[in-house]
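Each of the two complexes below includes subunit A, the first together with subunit B, the second together with subunit C.
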Partner chain A sequence: MEYKLDRNTHSLLDPRTKLLLLFTSSVFVVGSAGEQRMRVFYWILVFIPVFLLFMEKEWKAGGAAVTIYVGSYFAQIALQHELTALESVLALMLYIITKIIPTVILARYIVRTTKVSEFLTAMHKMKVPDKITIPVSVIFRFFPTVIEESRAIGDAMRMKGIEMGAKKATEAVEYRMVPLIASCSIIGEELSAAAMSRGLDVGKKRTCIWNIKMGFFDWVIIVLCLVCFIWWGIGGLFI
Partner chain B sequence: MDTNNNRLNAKDLINVGVYTAICAVICCAVAISGVIPVMMLFLVVFVPILTGIPYMMFLTKVKKFGMILILNILMGALMWVTGMSYYALVVGTIAGLIAEYIYRAGGYMSKWHGIAAYAISGLYCWANYFGIFFNAEAYFSTRQNFGQEYIDAVTRLLPAWMCPVLMIVDVLCGIIGGWIGTKLLKKHFVKAGIA
Partner chain C sequence: MICFNNVSFRYARGEESLKNINLTINKGDVVLVCGSSGCGKSTLVRCVNGLIPHFYEGELTGSITVGEMNVSQTTLRKISGYVGTVFQNPRSQFFNVDTTSELAFGCENFGLDPHEIEQRINRTVNRLDLTALMDRSIFKLSGGEKQKIACASIAVEPVDVIILDEPSANLDFKGICELQKMIEAWKEDGKTILIAEHRISYLFPFINRALLMKNGEIKKEYSVEEIKALTEKELHELGLRAESMENPSETRIKGIMDMSDTDKMVLFNMKYAYRGESAVFDIPKMEIPVGEIIGIVGTNGIGKSTFLRCLCGMERRCKAKLKVRDEEWNNRKRRQKIYMVMQDVNHQLFTDSVLEEVLISQDSEDREEALDILKLLDLTEYADRHPLALSGGQKQRVAVASAIASGREIILFDEPTSGLDYYHMLQVSELLKALKEKGKTVIIVTHDVELIKNACTCVIHFGNK
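The block that comes next holds the complex of A and B.
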C-alpha cells in the first residue's frame, strides 16, 4: 500500500533529476564544453539554480546570485582587452564566480532539499548498487560536517595560540588534522550505528515515506538536459 | 558463512563515505591554492602528504576487499564533477584495484603494505595533470580568463618530460605521507583506542 503523505511537495525536483542537472551543469558550466555554440544553454543552466533558490523561497541568496551574475557579466565585457597583472587576478576571480558559483548553488540546493532516504530510494529505482549509493549519501551528508568541525577546531586552536603558519608548519597541520579525524571517525561510528538500527544491513527491499515520482518540472529539466547534450553532439553540423 | 563475512556491510560503506569526504575536503582546500602557477606544480606534493593521515586511519578500518577501490572511484568521480578531467576516474579506478591487491597481500594489517597501497592509490592526483600534457589546447581554452600570463607560466613549468617525473614525485610523496600517517596514528589514535 502506498502511504500518502503531503510532504513530497517540499522539494520541486526528483533526486534523479537533480543529479542529472548537476552532471549537465558540471559538463557545460564548469567544464564549458561546446564553447560559443552552447552560449544560450550555458545561460539557461546558470539561471536554473537561481530559479530553484527562489522556488525554495530563499529570496536573499537568489537576489545576491543574480546581482553577482549581472555584475560579473558586465565586468567580463570590460576586461576584454590586454590584461595587466592586477586585472588578470580580477579576471581569475570572475572566472571562478561565473563557473563555480552556479554549480555550488546547485550542489547546496541538492544537499539541503534531498532527504537521505529519498536519495537512496531514487537510486534504488535506477538500479544503482548499494555499494555506491551508501558512500555517496554519506559524503553528501558529511561535507558540511567536516567543514563545521574543522572550523570549530580552528577556533579552539586559535584560542590556544596555534595558528596556520605558526612556528612549525608540521605542528599547525598535526594539531588540526588529528582532532578533525578523531571527531569525524567518532561521528562515523555513530552514523553506522544509526544506519544499523534503521535496518540498512538487512538486505530486504526498503520502503520510503516520501513518494518518489517524476513531476512536470522533472520532465522539463530532463528534456532540457538531453537537448543540451544532443545540441553539443550534433549542433556543429548546422552552424 | 565465509562469503557472508567478506561482503561489505553498511558499516564498511559508511566508513568509506566518511573518509572520502575528509580526503575530498582536504583536497579542495589544497587545490584552491593551485591558482598560483607554482603551487599548481606542488599540488602533487601536498595532496599526497596531507591526505596520508586520514587515509592511513581509513586503512585501519579496511578488512574486506573492495573498500579501497570504492574510495578511489568516488574520489575520481568527485574530481570529474568538480571540473577536472575524467582521467582521474580512470587512473583512480585502476590504481585503486592495484592498491587493493597490495594491501590484501599484507593481510589487511601490514604497515608497509599499507603505505605502498596508499602511494599507489594516490595516483589519481597525478592523473589530473594529464589534461595539460596530452590535450593542452583544450585544457587552456576553458581557462582563457586566467590571462595569458598564467597559461604561459603553467606551460613553462610543465614540459612533457615532467609527466613521468610527477608520477615518481607523487608516489614518493605518497610514501612520505603514508609514513607520517602511520606515525601520527601510533602517536594519537592507537593510544586513544580509536584506531
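The block that comes next holds the complex of A and C.
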C-alpha cells in the first residue's frame, strides 16, 4: 500500500490553546482565584481535562479521574462537621488532591499529544524567542526518557535486594538518583549532538510539516478562558 | 569531496585522539573506517560532520574540508545541510517523540518548503517500505526499528555525505540485513558514505576502501579484495570482529555434549503477555542444565529479554516456577536467588566507590571477600574510584563483580557484548567462563555469534512454533 503523509493530523487543540488552558487552570483550579464566585467555572475547568482524556480514547484514566473527583467531592461534604485530627488530615489531603489532579491530567495530556515540531512553530508564531522554546521543547522528549530510565534502575535495585523495607532502605533514594542523573545527562548530551548535527539552531527560520490552525474547539476554550478572567476581574471591581 | 590535511585533534580533557591524518575521499566513495574501541574512528567521523570542533571541544590542528567548506570555519547548521549522521545509540538520537515528525525534523530545520518535505517523506517511506513504522511513538519501537527510523530520517534529507557511527552496535541479524538495504539504496543514489565500525563483513558488498586505525593514526589502507582476504586470525589481531554474516539462530557450537547426565533445573509454566496482548511466549516445561553457559538466541522481538526478566522474578504477572534440587522457587524466591546483569550497566551502579558497589551486593558485608572478588576481576586498583567514572569494559567488570558477590548460583546476562570489539568481547567471554568455574549457571541472551562460539556450552533457540 502506498504511504501518503497527512499533514493535517493533529490533536483536538492547538498548542497555543493548550497553554492558555493550562495557565487558566493553574490560576483558577490550583490557585483557586475568585473562590465562591468562580464556582461554576471551577467545575468546568476541572472537567475539561477529563473530556480531553475521553477524546483521546483513554477511557480508563478518564473514568478513574471522574471517580476520584466525585468521591472526594462527597467526602468533603461528609467531612464538614467538627473534625478529629485524623479527619482533618484526610480532608486536607482530599482538598490538595482535587486541586492538583485536574492540572496534572492536563499537563500530561499536553505532553502526550503535542508534537515537538508543532510546539516550536506555535511558539514561533507567538514570537517567543528560540532561546526559550528549544530547551522547553526537549521536555516532551525527556519525560518518557526519565520514566524509562528510572524504571530500569528500579528493577536493578530490586534485584540487588535494595527496596523499601529491606536492606539499605534509607540509602535507596540516593541510589536511585545517582544513576538516573548520570544517565540522563549522558542522554542529554548525545541528544543535543544529534539535534545540532541535523541543523537545529537558535534564531534560524524553520518550517513545519504539520498544518496548525485554530479550530472550533480552540475558540470554545479560548472564549471560556477569557470569560473566566473577565468574570473574575468584574467581581474584583465590586468588592 | 572530503579532505583531511594533516589533522590532529586532542579532546579538551584527554589525550591526543587523532594524529596527522591525511585523507582524501572522492564523491560517491563508500569508505569503511575500522579498528578496535578507542582507536579514534568515531573521532575521525566527528570531524566530518562538524561535531568536532563545534560541539566536542578540543585542540584541532590542520584543515578539514567537506565539499567546498572548511569545517572549522563553517557553522554546524550549514554543515548539517550537507552531511547527515546516523549515531550508534538509538536511545538518544531522536529529538521528536513521533516517528513522522522525526523524518521531517532535519528538513524543517533547513527551512525547506513543507510540500517538498511531504514529497520527500512519501518517497523515502515507500522506497524503504516503512509504512508500518509511521505515526508511532519512538518509545514504543524496538532497537532495530529505531535504527531504521534514524537511517530513514537521514535519507529524507538532501545531504550528499552520510556518516554512520557504529550503526550495527545494537542490531541483530535481521536488523543488519535491513541496514544493508539502506546502504545499498544510498550507494545507488551516489552518496558519499563513511562508516565507522568494528563489525565489518556485512559491509563488504558496498565499500570501495577500508581504512584501519590504531591509536589515532591511519595504520593501513586496504582495497576490498585485500580486506576480504584477511583471515579470522588476522582480523582478531587487529581487534576486529570476524563473524561472517551468519544468522545466530543457525549457529552451531563445537562439540555436542551429552546432556542426559548433567543436573538440570526445570522451569514450569513460563508464560507472559503484555497487558491486553497475546502471549509473548508460553513454555509449559523447559529443562536448563546446571553449571553450564547457556546462550539463548532468536530474532529481535521474540521475547528473549522478557524471558530473562520473568526468569529472575521481576515480572509480577508471570507465574512461573523454577524447580532446583527439589525446591520450587516462585518469583520472590527467584529474585533472591538469581542475579541479572543488564544490558546497560549504568543502570545498576549506585554507590560512590567500586568496593562499596561490591559490598552492597553481598548478603552481609564482608570486606575480605569483596577485595578477593575485585582481585579476581583485575579491579583492585579501582577499588576507591567512582563506578560511573570507569570505562565501559571496567563498568561491566564491576557489574560482574557484584554478581559474584551476591553469591547467587544463577547469573543472567542480557546482551553483554553489544557494541564491543573483539578484545572486549573476549574479555566478557573469559568472565563468563570464570563464573562457570565457580560453579555458577550462566544464561545469556545474545545475538553475538562470536560470543556464542567462544563461551557457550549449550544453546537454546527461541522461535515461533
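Keep in mind that, in the parts below, the second predicted complex is superposed on the first by the 201 of 239 C-alpha atoms of A that agree within 3 Å, B and C clash if a C-alpha of one lies under 4 Å from a C-alpha of the other, contacts with A are read in each partner's own complex, and residues count from 1 in each chain.
Keep this in mind: a contact is a pair of C-beta atoms (placed from the backbone, for glycine too) under 8 Å apart; a residue touches a chain by one contact, two chains touch by 3 or more.
Values in this document were obtained by computation on a predicted structure and should not be read as measured data.
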Handout entry: Touching partner for A:Ser72 - first (subunit B), second (subunit C), both, neither
Key = neither
Handout entry: Partner chain(s) touched by A:Ala156 [first = subunit B, second = subunit C, both, neither]
Key = second
Exercise for the section: Scan A:Val173 for contacts with subunit B and subunit C and give back first, second, both or neither. Expected result: first
Exercise for the section: Examine A:Lys115 and indicate which partner it touches, taking first as subunit B and second as subunit C; both and neither are also allowed. Expected result: second
Practice task
Would you sort A:Ala195 into first (subunit B), second (subunit C), both or neither based on which partner it touches?
Solution key: both
Handout entry: Which superposed partner A:Ser183 touches (first subunit B, second subunit C, both, neither)
Key = second
Exercise for the section: State whether A:Lys205 touches subunit B only (first), subunit C only (second), both chains, or neither. Expected result: second
Practice task
Tell me which partner A:Pro135 touches in the superposition: subunit B (first), subunit C (second), both or neither.
Solution key: first
Exercise for the section: For A:Thr24, decide between first (touching subunit B), second (touching subunit C), both and neither. Expected result: neither
Exercise for the section: Would you tell me the residues on subunit A in contact with subunit B in one complex that are also in contact with subunit C in the other? Expected result: 138, 145, 174, 178, 182, 186-187, 191-192, 195-196, 200-201
Practice task
Within their complex, state which residues of subunit A touch subunit C.
Solution key: 1-5, 7, 9, 115-117, 138, 140-141, 144-145, 148-149, 152-153, 155-162, 167-168, 174-176, 178-179, 182-183, 186-187, 190-201, 204-210
Exercise for the section: Show which residues of subunit B lie in contact with subunit A when the two form their complex. Expected result: 8-11, 13-22, 24-25, 35, 50, 53-54, 57, 66, 70-71, 73-74, 78, 80-83, 141-143, 145-150, 184, 188-189, 192, 194
Completion exercise
So, in the complex, the side of subunit A touching subunit B is made of residues 22-23, 26, 30-32, 35, 76, 83, 85, 87-88, 91-92, 94-95, 99-100, 130-132, 134-139, 142-143, 145-147, 150, 173-174, 177-178, 180-182, 184-188, 191-192, 195-196, 200-201
Fill in the blank from the handout: subunit C contacts subunit A in the complex at 49-51, 54-56, 75-77, 80-81, 83-85, 87, 89, 91-98, 100-101, 104-114, 117-118, 121-122, 125-126, 130-131, 134-135, 137, 139, 153, 157, 309, 312, 314, 335-336, 339-340, 342, 344, 346-352, 360-361, 388, 402, 406
